[in-house]
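Okay, so chain A shows up in both of these, paired with chain B first and chain C after.
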Partner chain A sequence: MEFLNSAVFLIFAAMIIFSSVFAVFAHKIEYSVLSAVVCFLSVGALFLTLSADFIGASQIMIYGVGVSILLAFAIMFTGKDSPKSLYLTNPLRVFLGFVLVLTFLSVLIFFISPVLDPKSDGAFSSYGSFAAQIESIRQIGTAKFIGRRIFCDYVLPFELLSLLLLAGIVGVGYLAGGSKKDV
Partner chain B sequence: MIKALIAKLFSYFSLPHILVGFVWVVFKFAVIAAIMVVVVLMLVLMERRVLAVLTIRKGPNRVGPNGLLQTIADAIKLLFKEDIVPTGADRVLFTLAPVLFFAPVLVVYGLIPFAEGRAGIDSSCSLLLLLAVSSVGILGLVSAGWASNNKYSMLGSMRSVAQGISYELPLVIAALGVVLLSGSMSLNEIVLAQKNILDWYILPSGIGFFIFLTCTLAELNRCPFDLPEAESELVGGYNTEYSGMKFALFFLAEYALLFAYSAVIATLFFGGYTSPFGVYAMGFIPYLKKIVFVEQFFWLMLKTFVIVYLIMWIRATLPRLRADQLMSFSWKFLLPLSFLNLILLALLKYYLG
Partner chain C sequence: MFDVTLIHYLFLSAVLFCVGLLGVIVSRHLLRVLISVEFMLNAVNINFVAFSNYNDLIRLDGHIMAIFVMAIGVCELAIGLAILILVFRKTHSVDADGEYIEEEKWS
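Now for the complex of A and B:
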């Protein structure tokens, strides 16, 4: 099963890379949106292959459905006459983008490489064998564990987050209800 | 059992053992796809016959014995129809949209536990995963409406998507009530928490069942919420420009989802695959004990088809809502009611354990 898992992982990893590259270079903006959605869904699937079911399901629900439908709505209703390529026309932008990507990549490698090294005492090696890791992750994925973590250990960030959502709701209410005076 | 058989076959023909897992996954997929196709063929006929009975007509009764082959005849007709792509349409998306709508349904079938420990995908968050995956199909509607390059398709898909999104919220919160009661997001464990008829979650969470059923009707675009594709009043919905096999795929996915949602209702509120009496008849017979999953499958099917019948009954009974009624019903009535249900269940759980 380990072999199959890593094969599926690699397939989805490849899909993430291809779909995000396609999202940048696609000649129609609708294709860009849909390939970005494929990228979101593949990230969710990556979490699922690593037994992080809750994060995977949340990723699919929030990014794969919520955000992507907003994106699709916004672009499909407004973007009929959108310019073919938004970003790749300006050489300065291309150059800055490459610099940013290289910086990000080097930072990522700098932080990840000690963890992946089996000799170092990084985060992974302390959990023991692969099966034990999977078992501990399974424990983390249950509703009870997540609920306890969110509402006991991390209650302050959670409440801050709900404050943000409340601000969003109030803003939407203002935007939607405010136009009545004009009519 | 079957996995061991596959492993034995592999070692008999001295094939690489590493592929056993792969063949097992393909086998599971094939079984689930077969269940889905058979169920859809049955449902289409059932819908027509049930509606005929409820409206005092005869229904299809000419093709095959008692009209049983009617759906197959219809499917063959659709297969041989011309596959038209409109001139201004976006060819790639137009072809991809039915697939985008159909593929998540298969995953949903994989997540339903058909018998104890016999779900295609075993996950500790299968309920959340199911709700997430089942709403991915909405993207197929958006792209179908846009790719058709037809304003009626576009408006139709907009109606469907707006309705789907609005009714998603009460649906998820009603399901959350069951998660609260059982303390688990795994469908298998939710089923195991309601082992006989007195433990069924419909008893504490009757409001939740009502909300879930209503939202299911809306998500499936069925009566009384079928105004996105009200064929007697509007140009059809997102599928206006579709014909032949692509149209059939939308049709198939809708019926498959009807069954899937009914199975989820049976799982969440009516004890899923468990017997209502708390014991299995096959459990008493020594030789049949090993295949008690057949009886569990039977119970799930029975409960699911009762709910499917209920949904068809509603279709034959209730008139269609108006568009503004539809939205205010979801946001002003169902959503507050689902929050109230959640709070009541939390109090119930806290005080009665």
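Now for the complex of A and C:
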């Protein structure tokens, strides 16, 4: 079981890292979009291994299906690249970007490596009275509890989020809709 | 093999975030810049869900934050793609460096 957990984690982590690097450095934008979709699906599968079934299903539906269709539409509308292919910026900025990102990654790893003891197996032992809820999350999933939390404690952010999505729909329709002269 | 703990997810998330940051800095295609921003948001989501799984499976705050980040990220992506299409209509180019051919007639 432990072997299975670590094998699944390693497979999906490798898929995420390789497909994201390929999406950044692919020569053609179509390959880049396909590789990005692979990365999104792998992140969704990784959510499923974290006992987050609702988030994993949302990730696969939103990113794996919706966002990929949006990106395909964007490629379709913007057509082919300009005659010289758009790949990387000038070499000075590429070099400075690599330096900056490697520095940032080393700072991140420096800060997250000593914080957590790798042998700690979560903090479930301190939740003695909630053992029933954890057991039911293990059995029926997290959707019920997420719904209860959202509609009890996070009602206002949830409704504001729906307003934001409505404004996004109207704004996208206004921006990308056909030009007024054609009508 | 080894036991998968929180710190492995944190390392993976840090690497994915850095790849997204590198893509935003380095790439010249506007669509690839938007994809890289989505990589960064996905890295943040992995962090949220991993912390929620290993420390806070009672209140599930990380899951709810991940839902909010996901919705706002998709909204941002849709508006960014609309702006990308507008820029392409104006300049017939999707170059992030802004080296496009000036058109005589703006259609």
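Here is the rule we use: the second predicted complex is superposed on the first by the 123 of 183 C-alpha atoms of A that agree within 3 Å, B and C clash if a C-alpha of one lies under 4 Å from a C-alpha of the other, contacts with A are read in each partner's own complex, and residues count from 1 in each chain.
FYI, contacts are C-beta pairs under 8 Å (C-beta built on N, C-alpha and C of every residue); 3 or more make two chains touch, one makes a residue touch a chain.
No experiment lies behind these values; they were computed from the predicted model shown.
Contacts of A:Val21 after superposition: chain C is touched, whereas chain B is not reached.
In the superposed model, A:Val43 makes contact with chain C only, not with chain B.
Contacts of A:Phe54 after superposition: both chain B and chain C are touched. Touch criterion met: A:Glu30 reaches chain B, while chain C stays clear of it.
By the document's definition of touching, of the two partners only chain C reaches A:Ile112; chain B does not. Taking chain A as the reference chain, the count of touched residues is higher for C when chain B and chain C are set side by side.
Of the two partner chains placed around the shared chain by superposition, chain B is the only one that A:Ser68 touches, whereas chain C remains out of contact.
By the touch criterion defined above, A:Leu161 reaches chain C but does not reach chain B. By the document's definition of touching, of the two partners only chain B reaches A:Met76; chain C does not. When both complexes are overlaid on chain A, the residue A:Phe151 reaches neither chain B nor chain C. Overlaid on A, the two complexes show chain B and chain C touching the same residues of chain A, namely 3, 54, 58, 73, 142.
Listing the residues of chain C that touch chain A in their complex gives 1-12, 14-23, 25-29, 31-32, 35-36, 38-39, 42, 45-46, 49-50, 52-55, 57-61, 63-64, 66-68, 70-72, 74-75, 77-79, 81-86, 88-89, 92-97, 100, 107.
Against chain B, in their complex, chain A makes its touches with residues 1, 3-4, 28, 30-31, 34, 37, 41, 44, 48, 53-54, 56-58, 60-61, 64-65, 68-69, 72-73, 76, 138, 141-144. Residues of chain A touching chain C in their complex: 2-3, 5-7, 9-10, 13, 16-17, 20-21, 23-24, 29, 32-33, 36, 39-40, 43, 46-47, 50-52, 54-55, 58-59, 62-63, 66-67, 70-71, 73-75, 77-79, 81-82, 86-90, 93-94, 96-98, 100-102, 104-105, 108-109, 112-113, 116, 118-124, 127, 130, 133-134, 137, 142, 145-146, 149-150, 154, 157, 161, 164-165, 168, 171-172, 175-176, 179.
Interface residues of chain B, counted against chain A in their complex, comprise 18, 21-22, 25, 90, 92-93, 123-126, 128-129, 131-133, 135-136, 138-139, 142-143, 145-146, 154, 161, 165, 179, 183-186.
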